[in-house]
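Following are the structures in question.
One chain, chain A, links the two complexes that follow: it is found with chain B in the first and with chain C in the second.
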Partner chain A sequence: MKFIISLAFKNLTRYKRRTIITAIAIAIGLMMYIIVDSMLMGAEAESMRNLRWYETASIRIMNTDYWNDRLSFPLDEGIQHPDKIIEVLQKNGYAATSRIQFFADMILYGEDFGEDGNIPALVTAIDTESDNDVFRFEHTLVKGTFLDPDRHEAVIGSWFAEDIGAELGYHITLLARGKGGFFEAIDVKIVGIVNCPNPNVNRSLLMVPIQLIDDYLAMEKTVTEINIALSDRADINEEIEKVKQLVDPIEKNMTIVGWEELAQDFLAIAEAKRGGTSIILLLVFIIAAVGISNTMLMAIYERIRELGMMRALGMSDSQIRLTFILEAGGIGLIGSIIGVLLGVLANIPMVVYGFNFSFMLRDMDIGYRIQSIMHGSWNPISILVAFLSGFILSMVSAWIPTRRALKMDIPKCLQYR
Partner chain B sequence: MSRTNKKQVIMVFMIVLFFSNLIHAMTAEDIIRAMDQNENYATSYMTGSIATTDRFGEKITTFKAWSQGAYDSLIEFTSLAERGQKILRNKGELYLYYPDAEELIRLQGAALRQSVLGSDLSYEDMTGEKNTLDMYTVSFDNEDIVHNQACYVLTLTAKSRTVAYPVQKIWVDKETYIVHKGQYSSATGRLLKEFEVLETKVIDNRTIPVKTKISDILKKDSYTVMAIEELQIDIPLDANIFTLQSLMW
Partner chain C sequence: MIRVEQVDKTYHTGDSVVRALRNVSMHIPDGQFISIAGPSGSGKTTLLNLIGCIDSVDKGEIWIDDKAVSTLGKHGKTEFRRSHLGFIFQTYNLIPVLTAYENVAFVLSILSVPEEEIKERTLRILEEVGLKGMEQRRPDKLSGGQQQRIAIARALIKHPKIVLADEPTANLDSKTGKEILALMKQMNQRYGTTFVFSTHDQMVMDYAGRLVQLHDGQIVSDDSRSTQ
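The block that comes next holds the complex of A and B.
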């Protein structure tokens, strides 16, 4: 065995250039895999955080009828006793806040915006006292102030503001249907602009005080949703069960869902992209396998007479096969070590500084909830998989060319030119 | 005039004033009943167009429509972009049919509040019952002249929040009971839409508005003009017209 290992090692060093070229091909493939995987994993983790912090919270409570008809945002199907529910949740250690979401026609005036116009907008009415316990908008304010609950004020996402040309102090009118279906027009002044890291929110956010909407749309203290924030490590399903038990005695017909249920569009995209990563890995392995097979095929054809001689001297086929497999494994090992090292080194700036994709993400929705800088992440399992795959696959790819050479007779091998 | 006579005259004047107010209060509701009655036909068939104008330009949709009583109606769009699309309204129900997709959709709940083909009309306006007094309380304001016609000016205040426009001010023709003009406001008194009759026609001894305009006050240069080109009233209609099967034909 020692002889076989030594022979395989000698063969590696005998053809240094070929060994290095094949190993580099494997290394580059593995490095690319580690970087792509890191970026996608990082984007996914950051998106999940931005979803929970700015869009869905961790858990949302809604009236079941509202949930079933949620695309219409029916104000008639609200939660009747939000204050009682929030009180109980807070007593049990949950950070919770109520919101009202509704569609409105946003009327823009020529005096402020340069020309008259109107666009549909999804309006989020927030409880200014408790919203920041669940969502993180207070850290994203870039201009003006946050909402005063007693004033006709609005806070808008910075991309939304850019798109419609809004500035602080501009007035808009929200034409909406109140609870029951009547029309109402609400004048508000833009007092704050937030730059939210979640692009979907930043592109469409329009927040107003919940008291204002309760009054104008005759909500009678009902709300459309109660949002709850949990720690990143919390078991969502377990927490949903606990919240259900707390809410049930206060109000029936409630649906409680986790953020994953609310962000199914993102999860579908993330799943598809994970599939894409697997395809990248597969392509890397195919390239590596072709390289290794080719290298081994050349090595075997160059050494067919040598093989014949070794077989004539009594070396078994399995020993010869093992020699070639170990030689290929050696190339794979060198490639994997270099690939992992390069991948890890290249990943350090990706994790620390990230890559700024704002030029692309500003006007394009790629599903991820990242506004500009996409950070990488460390994924030891992926690195280990890449390393082992490079090594093992190299050995597997040497099998076929070796088998072919071993099918030849010894005299044919000795006479081979 | 003696002191006693003076008292009698004042008394008579007050009684007359009291009864005239009573007459006015009753008249306001009678006016609304007459107005509703004027808008209901046993059966009808019409062709016409809906021209929707906003800051992007004008869009014209043409249609054919059949109606029976207060509840049943069928509209079929005939303009190129919408050709074959149908809206069937039965009592409390509204169905849409899209021929390209061969799909039948029942609209209910909040979906009824959507605009019909981007106009200032909603599907809800079509399902709305025509008994105004069930939805509004009416008060008599004064009298006015609109389009050279003497009109009663009435204010309608919604009885519930399920009515789209909580306050309406309408100008009802004293002779024909058609509404010449309307102003629709929110509960806070904000004027949202204005309605105006641009043209009327006498058909079977009934004066009928054949061209009307609804303007969106909040949106500059946004209005919808509905014009009736042909109208036949009280004609025999096949009862199957207002069934779901007829939508698919």
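The block that comes next holds the complex of A and C.
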């Protein structure tokens, strides 16, 4: 065994240039994999955070009928006793806030916007006192002030404001159906612009005080949803069960869902992108396998007489195979070590500074809830898998060419030119 | 004792059929220094390969001592070669990345001989073939004659019963060839190892204790003579 290992190691130095080129090909592949995986993992983690902080909260409580018909935002199917539920939740240590979401026709006036017009908008009525306990819009305000609960005011996302040409002080009218189906027009003034890190929200956010909507749309203190914030490490399913126990005695027919259920579009995209990483890894492996296989094929056929000699002197096929497999493993090991080192080094600035994709993300929805800088993240398991895969696959790749050579008769090997 | 009994061997290359050996029989007693001679294509290498268990007979049998080696399977032949046979090749077939010492020692490594014994036996055999002081040199730093000495040491280190040498001096000048033959003869006498070598070189034929001539796959003469 010692001889076999020693021979395999020495054979690595026989064709130094070829060994280095093959190892570099593996290294570059692994480095690319580590970087891409890090960026996708980082984007996924940041997206999940931005989803919970600005879009879905951790847990949402809704009336089951509202949940079943949620795409049409039925105000008639609201939560009847939101204050009681929130009180109980807060007593039990939960940060919770109620909201009303509804569709409105947003009328823009030529006086402010240059020309008259209207566009559909998803309006979110928030409880200004408790919303910041669950969502984090307060810290994203870039212009103006936040909402005053007693005034006809609106806060708008910065990309949305840019798209419609809105500025602070501009007036808009929201034309919406109230509870019961009547139409109501609500005049509001834009008092604040938020730059939210979640691009989906930043593109469409229009917030107004919940008191205003309760009054104008005759909500009679009902709301469409109650949102709860949890710590990052909380077990969502466990918490949903706990919340159910608290809500059930107050109001029946409630549906309580976690953020993952509310963000299925994102999760589907994230999964597809994870599939993409697997394809990258597969491509890396194919490159490594072809490279190693080719290198070993050349090495084996250049040494075919030597191989015949070793077989003639009594080395078994398995001993010879092991020599070549270890040699290929050596190339794989060098490539994997270099690849992991380069990948880790290249990933440091990705994690610390990130890469600014704002030029692309402003006008394009790539599914991730990231607005500008995409940060990498450390994923030791991926790095380990990439390292081991590069190493093991290299050894496996030597199997076929060795098998072919060992099928040759010994006299043919000895006479091989 | 090697016994070759009515051996036939035919090769098929594409549409052509070559009858390399036809009904060949011969006995080689232990310790002989025998040359198998003949022109190219006469079947001498084929006969050596069959005795060396690296090829299979189509018909007939080959016995080494009381073992019918021609009937052994692939694994059995590998085992037999590992334990009982030594080989010397025309082109030396040394491993270029290994030193002279390592090229010889590996034969004992695959026989799982203890490390200390490998060292002692390897240094001794290298000294016997005249390579003392060159143990750490790689083949590319040695002359053709010195490389063939390594090959001889490699063949003899496991004290095989038989050494098979296919045209061992064909790549050497006549002076070096003579030295190699003298060395092989010396080893043959010292260890009592049977040496069977193929050649078409008259000098080599003259050196042999017995000369078997092949022509078109058949033995045409078998002479025992006194050697130089």
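Keep in mind that, in the parts below, the second predicted complex is superposed on the first by the 417 of 417 C-alpha atoms of A that agree within 3 Å, B and C clash if a C-alpha of one lies under 4 Å from a C-alpha of the other, contacts with A are read in each partner's own complex, and residues count from 1 in each chain.
Here is the rule we use: a contact is a pair of C-beta atoms (placed from the backbone, for glycine too) under 8 Å apart; a residue touches a chain by one contact, two chains touch by 3 or more.
As the structure is a computational prediction, the values presented were derived from the model and not from experiment.
The superposition on chain A brings chain B alongside chain C with room for both. Using the contact criterion defined above for the overlaid structures, shared-chain residue A:Y216 touches chain B, although it does not reach chain C. Of the two partner chains placed by the overlay, only chain B lies in contact with A:N118; chain C stays clear of it. Shared-chain residue A:F183: touches chain B; no touch with chain C. Judged by the touch definition given at the top, the superposed model places A:Q319 against chain C, while chain B stays out of reach. When the two structures are aligned on the shared chain, A:G367 is found in touch with neither chain B nor chain C.
In the superposed model, A:D409 lies in contact with chain C only, and not with chain B. Legend: residue contacts after superposition of the two complexes on their common chain; A:G308 is shown touching chain C, with no touch to chain B. Using the contact criterion defined above for the overlaid structures, shared-chain residue A:S72 touches chain B, although it does not reach chain C.
Between chain B and chain C, an angle of 140 degrees opens at the CA centre of chain A in the superposed model, to the nearest 10. Once you line the two complexes up on chain A, you'll see the smallest CA to CA distance from chain B to chain C is 67 Å.
Shared contact residues on chain A (touching chain B in one structure, chain C in the other): none found. Chain A meets chain B in the complex at residues 69, 72-74, 76, 105, 107, 110, 116-118, 173, 175, 177-185, 216, 218. Against chain A, in their complex, chain B makes its touches with residues 55, 109-111, 113, 124, 158, 160-166, 184, 186-188, 190, 192, 218-222. Within the complex formed with chain C, the residues of chain A that make contact are 2-3, 6-7, 10-11, 13-14, 305-306, 308-309, 311-317, 319, 409-411, 414. On the side of chain C, the complex with chain A involves touching residues 45-46, 49, 52, 54-55, 75, 78-79, 81-83, 85-87, 89, 91, 93, 95-98, 102, 105-107, 109-111, 154, 166.
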